[in-house]
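Each of the two complexes below includes subunit A, the first together with subunit B, the second together with subunit C.
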Partner chain A sequence: MIGAPSTGADAGMSFRNLIHLAGVGKSYGAVNVLKPVDLTIGDGEFLTILGPSGSGKTTILRMLGGFTPPSTGRILLDGVDITDMPIFERPFNTVFQDYALFPHMSVAKNVGYGLKMRRRPRAEIDAKVADVLAMVELSDKAGRYPAELSGGQRQRVALARAIVCEPKVVLLDEPLGALDAELRRSMQDFLKALQRRIRTTFVFITHDQEEAISMSDRIVVMDHGKVEQVGTPKDIYYRPQSEFVAKFFGENNILPARLTAGADPAIESPLGGHALHGAAPAGTCSVAIRPESFSLGEAANTAAGQRSMVGRLESLTFLGATTQLVVRLGDGSPHTVKVRLPTPDLGEGVGIGEAVSLRWSTADVSVLNA
Partner chain B sequence: MTAAERITITLLWAVGALVFVMLYGPAFMVVVLSFFDISRDGIDWGSFGFQWYARLGDNPQMLAALGNTLLVGACAVVLATALALGLAYYMKTGIRRGRPLLEFVIFLPFVLPAIITGISLLVAFRELGLERSLITVTIGHVVLILAIIYRMVMIRLESLEDSQIEASLDLGANGWQTFLHVVLPQLRSALVTSGLLAFTLSFDETLVTFFLVGGEPTLPIRLWAMMRVGFTPEVNALVSIVLLVTITLAVLGAMSLKETMARR
Partner chain C sequence: MTDLSLAASGADPAIAGARAPHRRWLRRTALRLAVYGVPALLILVPLATFLVYSFWTTVDGRVVQSFTLANYVDFLAKPVYRGVFTGTLWLASIVATTSLIFGYIIAYLVWRLEGRLRYFLLLLSVIPLAMNYIVKIYAMRNILGYNGSLNWLLVHAGLIEAPSKLFIFNQTAVMITMAVIYLPYAILPIFLSLERVSPSLLAASADLGGRPGQTFRNVVLPLSLPGSIVGALFVMVLALGDYLTPQMVGGNQGFTFGRAIWSQFGMAFNWPFGAALAVVLLLSVVLIILVAAAISRHARVK
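And then the complex of A and B:
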């Protein structure tokens, strides 16, 4: 691991590798809560670990922070093994889910705590605390106590406390979970802007898909103690590798498929045959395509890399800017797909039961591992 | 309101009043008597004044006994608090193994008949060759009050989120700094409350003390000894002062307890 910095492992990210989780897993007795994970985290990256509760996402964060020792594997920071480094020596700081502000200390004392423990001079502590409080727009609340603050303000105090020591990584454990929807939205923007400004790696835990997609450089999708997929938000959204990921984000069409044998293995599905890129899935599989990946168009106009098919319109739902169509893929076919089109594209409209010509790009069809 | 209801309410009121008189009548009597001269003919109502309070100083033995009691109480509370704090913090952050057993051992002297605790300690001290003195009394009191202080510290400590300790470690504090800057300040009111209550317990502890006391009696032991030769009137004054101090401590303790509970 020691040597020239390499770029992030996934999808051409341009971050220098900062952290490497090498086969890190966790078991409690016979209960396996996290299957061994291999993951690199880039320097300055906003990485989101996304999954339903019990998926193991918090376990990864707690192992990074040093709160829980991993059962297997090593954690490397800049190539140095930090697996057994005590919590208080790690150059990481955490924003806890319950914020964990110290109730007997003022906002300024809470924020300055880390610097005080590192025995920084008083003047430096005061200056840095003033700086970060200005950054989180709480300069006027320095003398208040946590109990006197609103949820959003407490959240920002916790954030200020975590960045004041200039850690290499900020770990955020569902920090927006306790906020109402509107505040959550504005905190997301705030958090992202702050992260860009201080150029520090953020490892962010959430169970909210939209939050993950809108904020992250990369997303780690987890389920049942297993990493399902790692990739950019667009990768995860448009090129899911498993049915769980395909279903986890918004609406998707998932159709059964099978592998055709031969020299060039291909995937045969109700959308026709598709060349297979990458590893062949084992046994039966399925394909996924987003409703918005379809457009209307005659087969004659199909460009290279596109496919088309004539189906029959089963229903049509006007949703405002978009309209959702349900199209049966050929007469007598057991399969339908949802199609979402910008409403103006429909022009004069199509009647129920009439033929519609669908067109899509083969690149938008993802092959899913069971 | 029917007649029956009226009678019931009157009866209940009377019972309540009776309980109150039984509980506080004697104490009230002592306080009243402390202000008057008593002769063979009864109370001399014309003699109201603080003469007995003024004459407390004439009874150095009793003052010495009061001093012993305060010394024992203070030492026992400080020792028991240190022990309880260490134990409770260990239970909270340590490996927690053996916790039920350890808690049982701590609570046992508190629920055992005091006479058994007293005799056991006496036998143990004799086997150890420890002379009976204020030191043995203090140890006895520590054994008794450890349970109450431990319990109250533990209740507060359990309500302390683990994330408080984790956050402190995360911010670069080691275990000792975390204890000093994050845990201890949040235990303050629990420590004050349990300290006050424990001091009150120690102050009037008689039974266990009786077995362990040497040549220097505590106040309850001194008063008990005086019963055989008859009380002098300044005892009333002393008891009144003790009563006042105890009530003040109890009120402070209750207020502090309320604060402790409100923080949970």
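And then the complex of A and C:
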């Protein structure tokens, strides 16, 4: 339990590398369910693998846990190849989607199972089980059977069972999927707090974007057996690299664009043009900008790195704390953008059909790979 | 137009309402009569007849319809019948245990298979259920007999000098034959109880460091054993009442309780005593089924 200090989501890269997936891919016959992935997982990191069903996220988890052998590539743990290590020897433990609690064992027996398999002395098992049950606030339920517990309690038993052996990595396969919204919310906080406390690497599978953003140090976004992007929640949210990622998290404006390569690569879109850092192949592509990345402001007040444009207000929807505007980018332009502003910023002035001056930072415009 | 149709539809239920409940009552009564009546007629009435018969007696081969406990007293008093009864219980338990062990091994091996082969082998192992019972006994007689294939095999393998009479017309023959014939009845429930062990539990056990042997001992066996024992008790019930197998492969030694009952209704022509023995058998079967039910209920709660 040594290693990286507990850090916030923004410091995701400060972890020592623990696991390296080197070109790990999976296919069943001719069906390729996971294109080769290169990924490092840090020691003590909360890494979320996010994607819709069928995206290959569970396949990665199953290969990490040793339930399925990869078709290509190697899995390294601290530099040691563990690709062919059988499940029962891997220092990883899993929280299963359906919890997979042993129905014929009490809570304490379930939690102590891993230690029993490792033939630890009885006294040690009892002490550790008591410790972990206290950690998940289930000390009073030690003698109960899984069938006598609520969904949230079962979830915590599964969690306790997975951490009691002090694994190097805890693998969580959509563990909150079966819980109702309210319980889910509190389990998210609980899980995150527990992970900070024991400082163990968590690899967490989910299809819930909000869950991924609020809990993770880093997120791996997957779609159709392919890793779309890896980054901190803020990276993923504000700097999507593909249209899939841009659309996957909340609302986004996606506009067609043209890239010019050469010595000074630049991007040209309905939002005007600006220079790009780094090279990119020339051609058509798209750009994305978040509705909340816009503000209202005159061109005269535009700072360095900012752009502004006068558009026409097409609609206005009051959403409470924020208000959503749809603005046509210039008269006769085929493109509109959604703009989300804090309601107080809007004042009283703007009416439908009137001109509005939008301002944004070029840094908030993400160029998407086709 | 609207008013008219409204009025008409308003009047209709009033008329129909008076007739419909009556017809519905009739239909419901007829249905109830069928649901409760048919089983009662086909199952309870014959059983009740037996029960009544068991309290009668015979004088000079004629049934006398007067209440007496003599048949039950006879059963308890005559060591011959008590001996046959306990012997049959013992035989049935051995058959059940054998079926449990071999049935479990076969069901487990089939369960561990994957894909089409698994269901093909399962089908293969229960296909004997579709065969005629007497044909199966004859087949076993052919295998176990003096000139049977078992003796032929043993002689040719050089294990014995000459064909042995040890395998036929004795208690062992009855045991082996019953165990073989009733094996499919054990395999099916055992397989089903193995099927109920969720694959994710096996994955969880392995994930927590359980080697295959440990997973079997700690997860598979405890979860599938109750259902398997229920399957074995089912075999025991079948073996208890079987009178054909003992008769056909048991010879003089194979006298079981089922045969005793059969002979009371046949040669001895003492129906009341036969009925009393049948009631005793029925009660023991009910007792076994209650034990089986208790086991499966206990297993479900946990």
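In the analysis below, the second predicted complex is superposed on the first by the 350 of 370 C-alpha atoms of A that agree within 3 Å, B and C clash if a C-alpha of one lies under 4 Å from a C-alpha of the other, contacts with A are read in each partner's own complex, and residues count from 1 in each chain.
The working rule: a contact is a pair of C-beta atoms (placed from the backbone, for glycine too) under 8 Å apart; a residue touches a chain by one contact, two chains touch by 3 or more.
Note that the coordinates shown come from a computational prediction; the quantities given were computed from them, not determined experimentally.
Participant: Is this a clash or a fit when subunit B and subunit C both end up on subunit A?
Facilitator: With subunit A aligned, subunit B runs into subunit C, so clash.
Participant: Contacts for A:Phe46 in the overlay, against subunit B (first) and subunit C (second): which applies, first, second, both or neither?
Facilitator: Neither partner.
Participant: Looking at the overlay, does A:Phe15 come into contact with subunit B only (first), subunit C only (second), both, or neither?
Facilitator: The answer is neither, since A:Phe15 touches no partner chain.
Participant: By the touch definition at the top of the document, which applies to A:Phe67: first (subunit B), second (subunit C), both, or neither?
Facilitator: Both: A:Phe67 reaches subunit B and subunit C.
Participant: Output check: A:Tyr145 vs subunit B and subunit C. Expected answer is one of first, second, both, neither. What do you get?
Facilitator: A:Tyr145 sits against subunit C, while subunit B stays out of touch.
Participant: Do subunit B and subunit C land on any of the same subunit A residues, and which?
Facilitator: Overlap of subunit B and subunit C footprints on subunit A: residues 65, 67, 86-89, 92-94, 96, 98, 100-104, 113-114, 117-118, 161, 165.
Participant: Mind listing the subunit C positions that touch subunit A in their complex?
Facilitator: Residue positions touching the partner: 198, 200-201, 203-211, 214, 218-219, 222-223, 299, 301-302.
Participant: For the complex, which residues does subunit A have touching subunit C?
Facilitator: Touching subunit C from subunit A are residues 65-67, 86-89, 92-94, 96, 98, 100-104, 113-114, 116-118, 145, 147, 161, 165.
Participant: Which residues, counting only subunit B, touch subunit A once they are in their complex?
Facilitator: Interface residues on the subunit B side: 161, 163-164, 166-174, 177, 181-182, 185-186, 263.
Participant: Taking the complex as given, what residues does subunit A use to touch subunit B?
Facilitator: 65, 67, 86-89, 92-94, 96-98, 100-104, 113-114, 117-118, 161, 165
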